[in-house]
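You will see chain A twice below: alongside chain B first, and alongside chain C after that.
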Partner chain A sequence: MTDVVTTINLAAIYGLIGVGISLTWAGLGFLNLAHGVTFAAAGYGAWWAQENINGHPSVIFLGGIITGAVAGAIICASVFLPLDGKINWPFRSMVASLGLAIIGVNVYLLVFGPSRKSIDFLFGTTKFKVGDTTITADKSGAVISATVVMILLVIGLMKSRIGLGVRALTQNPEGAALVGIGRKQAAFAILMTSGALVGFAAVLLSQTFYPEPNIGYLPLVKGLIVALLGGLGSVLGTVIAALLVAGTEAVTIHYLDASWVLLTQFALIAIVLLVRPRGVAGVLEASRA
Partner chain B sequence: MRSLLTPKNTGDALFWGGCLAAAFLLFFVVYDNNNFAGHWNIFSLYVSINLMWMLVIGTAGIYSFATVGVVGACAYFGSFISGGSQAGTDIEGARSLNVTLMLLGAAAFGALLGILIAAPTIRLRGVYFALFTIGLAEVGRAIVKQHDALGKAEGLFGGARFLKEDQTTTEAGRNILFLVGLALIFFCLLVYRFVDGGRLGLLLRTARESEGVAKGFGVDVVRARFAVFIISSAVLGLIGGFYVGIYGGTSLTIFDFNTLLLLLAMIVVGGVGSAKGAILGTALLLYIDRTYADLDNPSWRFVWIGIIMFAITIGTTRGIVGLPTQIRTYIQRRRARRTPGAEEPVTTPAELEVPGL
Partner chain C sequence: MTKVLEVRELSAGYGPLRVLHDIDLAVEAGERVGLVGLNGHGKTTLLRSIMGMVDWRRGVIELDGKSILKTPAYRLARGGVALIPQGDSLFPGLSVKDNLDSGAFATGWRQRKQRRDRVLKLFPRLAERLGQAAGTLSGGERRMCSLGRGLMSEARVYLIDEPSLGLAPGIAAGLYATLRGLDLRGGTLVLAEQNQALLEGWIDRIVKVHGGQIVGIIPGDGQADGRTAEGNGQELVE
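Take a look at the complex of A and B:
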């Protein structure tokens, strides 16, 4: 039961991180390797809001989400806009985002130093029991809030005008351009949304991953694994993949050791991708990858 | 052999002539300067790794990040088979090879890894394969951390070396390692030229541009990709063996993700798909890395490396080596626009240019 609770908790957060990467690649053809730096930026933004504005959980969440969205906008303006449509766009955009990541991590080191920052408990310290398993408020709060955010995201993609544009871009970029869907506006929407999502995840994970300069590396790797397994472009696939990845992690920690987690997760990737090269629910044609 | 060594044009001849002259001068610098000798050893290893990585990313157009993982795994293998052991443990005489056999063993192990890494390319493409290979270095690190025989977190000490024990701090020893590094670079350049400038390179570039068209021409894309992975991984394995031969052991830092980023930055800044780019990019970024390493806050070196990497990626199509062509094209276009009635020059798109050394 403990493994199930851990799995669901981790899956909720990995799903938030992975769906941003998935949408960015599907909609823009851009593998955003600066996603980890956005995660760290959001963590610092949440901490700054706590220290300088108010320690209320809503303020901390807003600090993380807004910082994440702003970081997404910066990535869009500095990487996507100059390189979109240029020669060798997929490789150059990936490398440029990696350059931003290198700059970001080391600027955090220079400005904030290597020490971790502490963020208060967001959902309180209460606990409740389900059978023999104790569930803390932060775990249940993370699952519920992540689920609500994912539902809102899906509704936004289905019902809103910009969501329709994003979906059109993920399915047929040329067709979307023909009907006048603005690629630049959609790019800002996608990158700011993915930044906001990873910012939200950073705040939810702040009790485990305290804000520090290198904190974004592991969430980036997890997000890439989830996006890859789920199939780039599919929200449902990302959710399923998040459950698989989180389940693998929970079982590995329980039966082996934490140091084996990445090994088992990459073994999972190898098995899934060799059977389904486009992931669990990949929707893209061969031309994308 | 003669065609492998013949420069393609005057610019190439000047560049390679300059490199040879610089190597001749550096031979005497290394004799007197222990610090510089250390920088040269790293430079020779990084340039060699980048040349082999160029074959995969540049010539074949496959986004593989398994490079550091292969070098690290083969370094551990080479150290293990030639007597390396965890610090503080006794070395048994059963595992003891000379340098030549250790290098051959490491290269063979690298070729085997190349087959394993190439296998997923049958099904995986593009970023899927890239993300698959990013994890390989982490897998290597995880495996090493679990086993006493591989030194766990301390690494492996010992193994066949190029120098005898009494030579390691002498001027003659430094010059021997300089020549070893130079020989490694020269060998990797030959391999690069042989693959990239030969039939295999032509097949890989055809498949890179369009896999469907290549198959229509009768190109066995899978076989070509297997070949480039086996060749490049075998040489990467050799480089891992050279690492052990130079430093007398290996550690987990060889799998460091920052090393992978630094190497990627070098080939991007220099120019993907060009051996000149590998040398220029490595020299420039290694200079920055070493210059800022001793400062009070060494994070500045990675800030500068990141800025250069970002600026070169945004501003150029083919890194530093492509800058002269890019500037020339820009000037010609501006002149054509200013001259009434003049036609804009027709220039070969970067991706259609035949790459060379």
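Take a look at the complex of A and C:
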């Protein structure tokens, strides 16, 4: 039961991280390796809001989300737009985003120093029992709020004009241009939304991943695993992949050791992609056909 | 009549390949112009050049007298130029409704719904498929969806590229029957087609494209006017 709770908790957060990478790749063809420093920036933003504005959870969440969105806009303006359409731009933008990530880590070191920052429990410290398992308010709050955010994201993608533009762009960039969807505006929308989502995840994970300069690397790797496994561009695929990745993590820790987690997760990717190169989205497409 | 679209000395191509050679073409507001020629002779490249969707282009392209050489395709689409490309360029994973709605991307939902109702009257088959993914439609239905998406924009200039390509003759004839009866609301039409017979009797002017040049102009009644395109010196072909 504890493994199930851990799985759902991690899946909810990994989903938030992975869906941004997935939409950015599918919509813009841009593999954003600065997603991890956005995670760290959002953690610092949440901590800064707590220390300088107010310790109320809504302020802390807003601090993380807004910082994440701003970091997304900076990535768009400094990495994506200057290189978009240039020769070999997908590779160059990926490398540039990695460069920005390295710069980001060093800026955090200079500004905030190497020590970890502490963020308060956002959902209180109460605990309740389901059977023999103790569930903390932090975990249940994370699962519920992440689920709500994912549902809002899906509604936004399905019902809003910007959502239609993003979905169209992920399907056919030329067709999108022909109906008046501007790549530049869409890029800002996608990268800022991705940043806000990863910012939300950073706040939810702040009790496990305390804000510090290098904190973004592991969430970036998890996000990449989830996005690849989910089938780039598929929100439902990303959610299912997040469950698979988190489940693998929980089971690996339970039966083996935490040091085996990345190994088992990469093995999972290799197996799924060998069978279905489009990942979970490929499995979904096959089941619909 | 006022010129709405004009290209002068337009050359364009892909990489090292030059497909168009100094094309001159002026289209007046409300006019229906057919581009006729064999495959690979530049009809598609001419339409794509106007939208800025070729590797390179040189010359003059004007919309309402203003140069659009540096205007990206999405801005032209918002500015009232709709290219309905060869094939279909739909969004295969999106529903027919979303594909149609994307054609009126810049408008509000109320206007979008009105336009969608109008398009569905033209293509009732699409009304039965609204919730279906566009990628699962038949070839003819996809072409209807593509035309419908273009019409949703209520553009001032429609550039339609070979809507009959790859369709069975009966389906192509049905599609052209719809095109012939279209009320473009004062809009201008430039329609590329291999089969000239499909254009005769309802198009104002047929422009013959051959080897990347305009080699002749025929009025819509099917009688050649004896003019030849400036600069190439060729007689009308075919």
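Everything below uses one rule, namely that the second predicted complex is superposed on the first by the 281 of 289 C-alpha atoms of A that agree within 3 Å, B and C clash if a C-alpha of one lies under 4 Å from a C-alpha of the other, contacts with A are read in each partner's own complex, and residues count from 1 in each chain.
Keep in mind that, in the parts below, a contact is a pair of C-beta atoms (placed from the backbone, for glycine too) under 8 Å apart; a residue touches a chain by one contact, two chains touch by 3 or more.
Bear in mind the structure is a predicted one, so any value in this text is a computation, not a measurement.
Once the two complexes are overlaid on the shared chain, A:G165 sits against chain C while remaining clear of chain B. Taking chain A as the reference chain, the count of touched residues is higher for B when chain B and chain C are set side by side. After overlaying the two complexes on the shared chain, residue contacts for A:G156 are found with neither chain B nor chain C. Residue contacts after overlaying the shared chain place A:L110 against chain B, while chain C stays out of touching range. Judged by the touch definition given at the top, the superposed model places A:A177 against chain C, while chain B stays out of reach.
Put simply, chain A uses no single residue to touch chain B in one complex and chain C in the other.
Residues 25, 31, 78-79, 82-83, 86-88, 90-92, 94-96, 98-103, 105-107, 109-110, 217, 221, 224-225, 228, 232, 259-260, 262-263, 265-266, 269-270, 273-274, 277-279, 286, 288-289 of chain A touch chain B in their complex.
Remark: chain A residues 161, 164-165, 167-168, 171-172, 174-183 touch chain C in the complex. Across the complex, chain C meets chain A through its residues 51, 53, 72-75, 77-78, 82-83, 85, 89-94, 98, 101-103, 105-106, 149, 153. Within the complex, the chain B residues that touch chain A are 63, 120, 123-128, 130-132, 134-136, 138-139, 142-143, 145-146, 257, 261, 264-265, 268, 272, 297, 299-300, 302-303, 305-307, 309-310, 313-314, 317, 349-351.
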